[in-house]
Every structure is written in C-alpha cells, then in structure tokens.
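Both of the next two complexes hold chain A, though its partner changes from chain B to chain C.
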Partner chain A sequence: MLEFKKDDFKAWLALAPTLLLMALFTFWPIINSFVMSFLEGFSFTGMPPERHPYAWIAGGTFESVGFSNFTQVFLDPDFWLALKNTFYMVIISVPITVILGLLIAVALNGIKRFQSFFQTVFFLPYVTNTIALGLVFGSVFHSEYGLINNLFNTVGLAWINSGATWGRSMFVLMAYTIWNGLAFKILVFLSGLQSIDKQYYQAAQVDATPRWRVFLKITVPLLSPMILYITITSFIGAFKAYSSVIAIFGTGSYGPVGNDKMLITIVGFIYDKLWESSMPFGVASAGSMILFIIIMLITLIQFQISKKRVHY
Partner chain B sequence: MEKEKINFTDETNSNPSKKIELKSIEVRLQNLTKEFVDKAGKVTIAVNDFSVVIPAGKLIGLLGPSGCGKSTTLYLIAGLHKPNAGRIFFGEDDVTNTPPEQRGIGLVFQNYALYPHMTVRQNIMFPLENMKIPKQEARERAMEMAELVHIGELMDRKPNQLSGGQQQRVAIARALVKKPRVLLLDEPLSNLDARLRLQTREEIKRIQRETGITTIFVTHDQEEAMSISDEIVVMNYGLKQQMDKPQSVYEEPVNHFVAKFLGNPPINTYDAKIKNGQLVIQDNSVVEKGFDYEDQEVVMGLRPEYLRISQNGKIPAVIDFIEHIGRDTMIICDIPETDQRLRAIVPSDKELKVGQLVKFNYSKLFVFNKETGERLR
Partner chain C sequence: MQRELYLDPHEVKRYKIKKATSQTLIYTFLILMGLFIIIPFYWMLISSVKQTEEIISHNITLLPIGKNGKALWPWDWAWENYGYLINGYTNPDGVQIFRPMPFGWMFLNTIIVGALSTTGTVVTVVLAAFAFARLNFKGKEILFTILLATMMIPGEVFVITNYMTIANFGWIRQANHMKTILALVFPFITSVFYIFFLRQTFRQIPNELYLAAKVDGTSDFKYLIKVMIPMAQSTIITIIILSMIGTWDAYVWPSFVTDPQYKNQLLVSNGLIVGLAGAVETRGPNSILNLQMAASTLVTVPLLITFFVFKKYIMRGVSRSGIKG
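Now for the complex of A and B:
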C-alpha cells in the first residue's frame, strides 16, 4: 500500500488542477468513447426502446451493445483509403524527418560561426502558424502561378489543384509535413548533442576515427534516448495527421477539387463520421479505438526494439 | 589457422606470448607558447615559451597548481590544441602541424572518456577497427592489452559496471592497443579514492616499464608525481620552473615556488634579511654568514624534517600545537614577535609541552629573494 505522507498531500494538491482537467478532458473522453464504440444506434437525444443498465455512462440513448460500429467502419471504403493514406504518410514522413533532423542537428552543432543564427533559422517553422505555412505551400505549388511550376517550366501541372494525382499531392503534403515537423526535432537533437561530453569526440579523434564512424558509433548511440523519444512521438503525430491535410487543401477537403477524399487520413475519417447525419456516434468512436490500438501496438513494438538499441 | 599476422607498426611483434614492447621515442618541446583569447578579447598565456626534452622511454610528470598550463601542454603534445608559437618533435619528426590522429599518441582522459554504450572489449578494439585491422587480430590484440593491465576477465562488462580503477585500466588499454609512440595521461589518479590511487600509480609505473613507452602525465598532486616519475617538470604560470629527478627537485629547488609546491607537510618560510653579507632574522640575530649579495629582503625555506631542536639553536620558537604521527611528532610553533609559524618533524622521544620555548637548528637551509623567488642559497 502507498503510504499517504504529509508531503504527499502537498504533491497531490499541486497536481490537483491538472489532474482534474485531465480527468475531465482526457481520461473521461477516452473511457467514454471506448464505451460508445460498443453502443449501437447511440444518440444523445431520442427515446430509448429500453433503458439499458449502462446508459448513464454514455449520457445518451442507444439500441443495443455489440460490434456493429466496428463492422460499419471496416465496411466503409473511406476507412481503408484513410488507413492506406495514413500508413504512407507515416512511412514516408517519420524516417525522413528523424534522419534529416538528426543530420541537420549534427551539422548545426558542428559549425562555429553564426551557430545561433542558423539555429534560429531552422527553428522558425516551429513558431510559424501551421495553417499559414500550409497556405504558403499551397501557393508555392499552385498550378497556375506557383513558384515550383514557374521554376521547372511546368505551368499548369496540378500538384494540389483540380486534377492532381495522388502521388503529386502526397509529395506536397509530405514536403509540408517534414518541413513543419523538422524544427522541433532539430531542437531536441541539438540539445541532446550539446549534452554529449566533448571528450568522447576528442578520444575518437586521437584514435583516428572516420567521420561516419564517429556519427554511427558514438553520436547515434549516445543520442539514442532522444532518437527513441522523437521516433515515438513522430509516429504518434503522423498517425494523427489531419490538420496538415486541411492546411494544404482547405477546410473540409482532403484532396484537390473533384477528388476531395484522395488524401483522407484516419483522423479525417473519424471527424467526418461525427458529422454525417445518418451515422451513429458510435462509428466515430469505433474509428478512434482502432487508431488508438494501432498507435499503442506500434509504440509497444518500438519500446521492445529499443530495449536492445537504446543506451541510457 | 593462419599463423602470420600483419604488423602495422614496424617495430612491434604481435605475438601474444611475447612481452608487449613499444618503440620509445624522445619528445621535444621547443619554445612552445599557447595563448587563449576569451570573448572579451582578454589574452591568457597558458603556456609560455616552454622548452623541454623528454627522454625516450621515461615516465615524466608535469606538475603544477591548477591553471599552470600543464594540461594545456599535454593537449598541445596530443595535438588537440594548436600552439601559437614553438615546435613539437617526436623523435626526429616535427609534429607541430600534424593532426592528433596522425601523431601516434595514446591519450587517457581525466574522466577516461570510455564509450558508455560499448563493452570493455569494444572500447579497446575501437581504435583498431579504425585502423581496419582484421577482426580476429584486433580481438587478440585487445585481449593481450587487457591482460597487460589486468582486466582480462572484465571484457564483456560495460564501463558503468566497473570501478574507477578498472575504468582507468580500460582507458590505458585503449590508449596503448594501437601501439602509440607516446602515452599521455591527464590527471590519471584524480578520480580515484586514496587507496586505489596508491595501487593505480604503481600500476601505471609497471605498465610503463613493461612497454617502455615514453609517457607524460599531468598532475597537481606532488606526491603522485614524485612517487612514480622518472623526472618531473614543475610548471607555474605557463612557465617551466624546473625539470629534474623528483628527489633532486625536492632537495634542490630552483626557486621559492618549487620549494613551496613540493613537500608535505609544506616547507616553512621565514622572512629574513641579508645585511652586510649576513643572513639576519627578526630579532637581529645572525643566522648565517658569507652571503655575497646586496642587502635585500629574503625568505628562508626550512623543510620540517630539516629542523632539529637544539640547545644552541639559532631560531627560537614557542610550541603551539603537538601532533603525534606514529614514529615522529609534528610540532607547530609560533616565532615570537612575528606572525610566522614553523612546522617541524621531531623524534617522538622528546618531552615537549605546549607553550614551551625551543630553539631550532637546521640541517639544510634555502634562501630565496623575497620578490623574485629566485634561490640565493
């Protein structure tokens, strides 16, 4: 049993506001959507055919308990499209941002002059509004007056406008996602690099260690806790991709005009299901549960792998 | 099994049954100067016109208080710092502009800098892998080096599973495994507790003797330097003060600083004057004659063990404190009418009391100029 010491009381008191808010806005919604995902024909209003013993939990009415919400998700072609898109986004953006972030951080750490200037430059995207950044990307890749098309003399080629292919739109989306996510990763890696004892590098230098070996055998292992942290949070972030798509294609659309579900993501799918009038709320909940399980599984796998590779 | 092995360093034999002998070379530093400029533009001269010849195959201690430039000198020899002026020679090679990786040095850092994510074996093999030495040979060489420093059974541990002394040995093995021309040790004993220190310094001496490598180590601990060095170099303010065998430096210091820096308990200093060729102390009594110098203020240096209590002693003092240290007794005395004190080591059989007036004679006396510290006698 935990002992309730005098100091514990102060600690709990200090934590209370956060815990209360977390309980209200994080823990309860998680439990609630878990429950809701199993409630069939759930509605916040309307008359129940029968009072169910667990009705009070969800705060609404429903017809029965079962897996029909999940079946509905799995039968929806949009879900499979969203799953495919999200997987591609994860697989493309996570490795590139982590590796690119690491390389840029190492490069930044290596320069002597103007270091803080370049650090500021690379950190700017982080403090820039993501929607504004999306607008910039939108105009850069615009089919008529976009910078890219002008540069490569391909005016009229649709990247994100009507007629764009999946590949081209995904390219723009990934470029945007990587650019947007890079700054924070660089910052974390840079602070990690600066905490590595310089003597390791001097020792490596005295032993005539080639650069790539210094990077792979010394920097990467010593930075591995940070790399794990960044990889896991990047995976989670990429699986939850939503606002990036909206930022590129505009409110309510996940693709170019005429094909507005082309790059729909899982979160986008869930969000859509919430607003579809014929759709019970349970379907969106079921979608969230599926996303939750995917993220949890992948995180667990990563922790398992990291046991051998991460050196604390 | 392949019997022949590739020798990467011409002089050495990689047959593990033979003793590991390394090539000994002389290290010469000529007028070495290193200045550091801080952000405000303030210049600090860490090493000042420093010249020294380190004989081949010797263990040399660079000794001095913190900030005296001894570590900077070591890093200059290693090539991790670039000198502003002067030259460095390894044997006949001028290595002044040679990058550290091409100098053929083994460097043991103060906190060892063992890679924490690698095992002892991987740490020791690391320099060999950089030299692209075949894995099998690298493993053998790592093992024979580990056995030389007596850590053969710890090869699969990680550094954080080792004691400080064991880590030190791993660091030495890693430095020696590539058969360097010079071994450099930065404060090798400062991270160890007192008992390990004693053991490790003998160990360093043994390893150095067995391999015959020219070894330079840095320390601020005079006892450490004196106990294992073939010769010591005393530094202060970036300047070489004296270089000689430890005992010679102790017995014949060239100046006040060296005399004060060596010896524990420290040397007694006692203000005096030279007047008409005579050495005169506070109460105007003449201590010594025959000083062929102008009249000047001087400092007398008397090592505690040089002092004897004697009926016709020349220096009167009042016992303030008596400390029994086994065989001997240490007494601390006030010199009347001054604020100066004397520390003396006397045989325990003497009956002494606090407050008693005693007179000291001495077996040896140093006299230094008070301002320059230069030794007059």
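Now for the complex of A and C:
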C-alpha cells in the first residue's frame, strides 16, 4: 500500500458540514432523549417567546431525577396494547414477507420469458406513497363499497370502518404490510440468487437431486447472508410500524372511528405521549428508549442465533 | 444443461413433461402474486374515474353492461372527479360534501422541500464520502464506525429532541411559509446511509488516477469535481432519486412541524390525511371514495412516472444497498 501524506485539515473541512449537522440532529438527540427520560415532571419551555432563560438548544424545566417516566410508561394500558399490537405485527408479517419474498425470487430466477416484466411488477409497491396506497387498501376493504365485501357478498362487514374488530383490522394491516414489504425483499434475494455460481445447480442436476432439496441444501445456505440481513431489517421495520396504520384507517388515528387506539403501535404510543399536554416529553423519551432497547436486543439475538447458521 | 447423459426417448419425454409442469406451476404462482400486487393499483386508478352512483353499488360485475355492479371499467368516465378534488364538491341540494384539497401547494411544497434537502444531502454526502474514501486522516476508521452505528438507532429517538430543537429555532407550526420549509428541510440534509453508499463507489476508482492527478499538481478539490464526481455519476443520480422519493413519502416529520390550518404548507402525505379525514365514513350518494382514490392517484402517478423513467438507477441502487448494507 502506498503511503499518502496526512491531510487532516482538508478531511475535517470536508466532513464539517456532515458532522455539524449530525451533532445537532443525531448525536445531541441521543444524549438529550436519554437524559430527558430520567427527568421527572419535565416541561418543555423552548417555544419562543416564552423561552426559558436556561433553555439551551433544547431545554426545559424538571422537578427531579428518577425513573417515574418509565413507571408511567409501564403503568399505561396503551403501552401494553401497543406492545401487544406491535408483537403480533412482527410475528405475522416478518415470516410471511421473508418466505414469500424468497419464493417469488426463486420463481423469478427460474423463468426466462417475462422475467423483467414480473420483476418490474413486483417492485412497483416500493415506489409508492405509504399514505396513498394505505387509503387504497382501506377502500378495498370498505364495509359497504369495498371490493372484498362486494365480491364475497358480505356487505356491511366492517374491516376498517367503525365497529371493526381487532382481528379484521389487523388482517387488513397485515395484507398492506406484506404487499408493501415484498418489493425490497424480492429485489435483494433475486440479486443474491443471480450471483450464486451455476456450478452448484449443475452438480445437483447430475445427481438428479429433487427441486425442494436443491432449494433447502443449496439456495438457502448460499443465500443466508441476505436472509439474515433481510430478516433483521424486517424485524426492525415491523417494530417501527406507524404510517401504515394511520394510512389504512385514513382518519389520522390508530383505529376505526369509535375505537381510535385499537391498532396503536409502540411508535404511535411514543408520538401520542409527545402531544398529551399532561404528559410532557419525558414519558415519550422513556418510550423511545424502550423501543431502542427492544430493537438492540432483537438485533443481538438474531446475530447470535445466526452465527452458526449463516455461511459467508 | 438440458443435455442428457443417455438418450432414452422415454426419459427425454418424461424430463420434458416434468419441466413443462414445473414451468406452468411457477408462472401460475407468479401471475397470482402479480395480481395481488397489481389489483390495488388498478382499483385505485379505475375507481378514481367512476361516478358515485357506480362506487356505491354493492355488486361486482366484469363489464359495465346494465349498470348492475362495479365493473372492470367505468359505466361512465367521470373525469370531473379530479375537478371536484381541486375545487371542492357541492351536491345538488347545496350541501358541500367535499372541501377542496390544495394539490397545487402540496405538489409545490413537496418538490421544493425535496429539491432543497436533496441538494443539501448531495453536497454534504459527496464531501464526506470523499474524505472517507480518499483522504487520510487520524481517527478515520473509528469515526466511520461511529457514523455507521448511528444507523442502528431508531429514528424515533431523534424525533423528540429534533422537534424541540426546531421549536427553539422558532420554526414549528408557523404561519410563515419559509419557516415551515426550513423546519422540513434542515434536519434532513445529510445521510450516513448515502455516505456509505457513495464511499463504496468512490473506493472503486483506481488509485493511479489520483496519483497521476497529484503529479500534474491538481488539487484534491479539483480532482473530486473533475474526476470522482463524473465517475460516480450513476450512484449520485441514484441518491438524488431515492432522496426525492423519500421526501414524497415523508409523513411523520411533516405532520409534526406543519400546522394543518395553513393549507398552503402541506406536503402530499399529510395533505392526504388532512383532506380526506372523513372519507371512509361517508355513505350513500355522499360517499367520496372515488375522490379519495383520485387523490391517491394524483399522489401516486408522479412516483410511478419517476420509477419508469429512472428504473435502472432505482432498482440497481436499492438492490446494491441490500447486498452491501
């Protein structure tokens, strides 16, 4: 390797815009949210003109330091509802999208004609507006005029309209999440499949290995780094579900009219706490720290599990 | 691959049948899944040009004959839905059942915010990726690792404090349009992910070019502008498109910092929610589901056009981000 002269000054100059912006909008928020989650009775006073004299970049007043924000989170029934909802969304949507995405990618890889046509079709949901297509799913499942109820002669059955049950709304949300999430997974799996050496398959063909065995013994192991990557990002994505819930109900809340927190998610809970006047930002910060810890744990566990199973 | 080791005609025939069956199964599976993907788009497009009378029918038929159910295409094409969307709709009894949606503003705001944040992002990302890919400085590896680590942290952790910071600047929910634009753009003019992405491309440019430029006395900055940026052109185009698409899809932050009472400040996503909040519960002749689909169409079609024009860049960018991420 050639030895270059050090260009520290130039490098820091080039990095300055990024580092200054990140200091303000990434690093400071990490510290501040962590600190705020332990400030009891925190009250944000930063809004000019009634700015607090000690308010620095983001400041406020507080009464004491302790764990009461976390206690408030854990004592809030909404939090447990959000945890339950998010948990179901994760365990339903992640396996289905990963397996379906893998199957579609393998199928796409096995055809010659219309391959790029199908590839384009499956990629379409990636370039859409979450809210707009959520509204479309809401309308497809409309209780009176929706495609589904009209098709199956079940007019009046509420999926996302007022009176909808948890199970039915969750079904619509999952259909939308799967529809929305397949595109990215198919594309990643397909480019992974295309980079697998054809010799493996030729060897299997010589031995007349059955198709399912080829899939389980060649495709899946050789694709395991991508499967790991996709599984982790899907888990994280599913834990952060928010806009899709708002979108299918189309009213700006987390449930049908009359039960507007039915499908609230952890992120929804955090944002709700942000706006509740009696519950200042401390509780929301505590909520975001809990989400952070959950996501960290999930990632670590998956890395541990896959250490033995992933072939790089 | 299809060559047989021995040419028993029976075996060849069996092989061909087996192959044809599996191909049929594969195509059937792909067509079914493809329909699952396409139907929502089709439902959106076709419902947007149907009359309310057809929308509120309770049946489904294939062809629009006899007007006894929703059909594959409209009984009568109702292009006026798009006019109602923009000008509002008052029914024959004089009751206003749909308030106009500010689509002109929604598009303009989204494009302005997207263009400003994308420009800012490209400038900061190019400089930072250049430093990480080409320059030599103390703490380079550790700094890069720290930046990458921040990608693991959920954005929700940042949103609360960023809201407070922007509020301290006095830009939250202001009547002043400029301040809202600043609040929408300012926190999003750099991206660790794109730095990582561009750095990968920059690193593929051979060292020899840099050394040759050095011998000629070219400055680092000139080398970046004249050599590296042109060579990384397609990655930069990918970043521009993905960043614009990101703004078009943004919902959470815009809904925090814009006040829905100032309708000329809405972006497309929160404009949709604000404008259509009551749509799903309106019934009978007052149903505005067709207008809801027209609104969704207006927001979706520009994205689809962008996709078909820049398909190559988008798909390659996304698939590479998957492999290297």
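Keep this in mind: the second predicted complex is superposed on the first by the 278 of 312 C-alpha atoms of A that agree within 3 Å, B and C clash if a C-alpha of one lies under 4 Å from a C-alpha of the other, contacts with A are read in each partner's own complex, and residues count from 1 in each chain.
The rule we apply is simple: a residue touches a chain if its C-beta (ideal position, glycine included) is under 8 Å from a C-beta of that chain, and two chains touch if they have at least 3 such contacts.
Values in this document were obtained by computation on a predicted structure and should not be read as measured data.
*Asks:* For the overlaid complexes, name the partner, chain B or chain C, with more touching residues on chain A.
*Replies:* C
*Asks:* Look at A:222 in the shared chain and tell me whether it touches chain B only, chain C only, both, or neither; answer first, second, both or neither.
*Replies:* A:222: touches chain B, not chain C.
*Asks:* Could you tell me if A:110 is touching chain B, chain C, both of them or neither one (first, second, both, neither)?
*Replies:* So A:110 only meets chain C here.
*Asks:* Which partner does A:205 contact after superposing on A: first (chain B), second (chain C), both, neither?
*Replies:* both
*Asks:* In the superposed arrangement, which partner chain does A:65 touch: chain B (first), chain C (second), both, or neither?
*Replies:* Touch status of A:65: no partner.
*Asks:* Taking the superposition on A as described, I'd like to know which of chain B and chain C A:301 touches: first, second, both or neither.
*Replies:* neither
*Asks:* With both complexes overlaid on chain A, does A:213 touch chain B (first), chain C (second), both or neither?
*Replies:* After superposition on chain A, A:213 lies in contact with chain B alone.
*Asks:* Residue by residue on chain A, keep only those touching chain B in one complex and chain C in the other, then list them.
*Replies:* The answer is residues 202, 205 of chain A.
*Asks:* Over in the complex, which chain B residues touch chain A? Could you list them?
*Replies:* By the definition above, chain B touches chain A via 78-80, 100-102, 105-107, 109, 111, 113, 115-117, 126-127, 129-131, 174, 178.
*Asks:* What part of chain A is in contact with chain C in the complex they form?
*Replies:* 2, 4-8, 10-12, 14-15, 17-18, 21-22, 24-30, 32-33, 36, 44, 46-48, 51, 55, 57-60, 100, 103-104, 107-108, 110-111, 118-133, 135-140, 142, 144-145, 147, 150-151, 155, 160-162, 179, 182, 184, 187-188, 190-192, 202, 205, 211, 226, 229-230, 233, 236, 239-240, 242-243, 246, 249-252, 257, 267, 270-271, 274, 281, 284-285, 288-289, 291-292, 295-296, 299
*Asks:* List the residues on chain A that touch chain B in their complex, please.
*Replies:* 197, 199-200, 202-203, 205-210, 213, 217-218, 221-222, 224, 311
*Asks:* Taking the complex as given, what residues does chain C use to touch chain A?
*Replies:* That would be residues 1, 22-23, 26-27, 29-30, 33-34, 36-41, 43-44, 47, 55-60, 69-70, 123-125, 127-128, 130-131, 135-138, 140, 143, 147, 150, 152-165, 167-168, 170, 172, 187, 189-190, 192, 195, 207, 211, 220, 245, 248-249, 251-252, 268-270, 272-274, 276-281, 283, 287, 289, 292-293, 295-297, 299-300, 303-304, 306-307, 311, 314-315, 318-320, 322-323, 325 of chain C.
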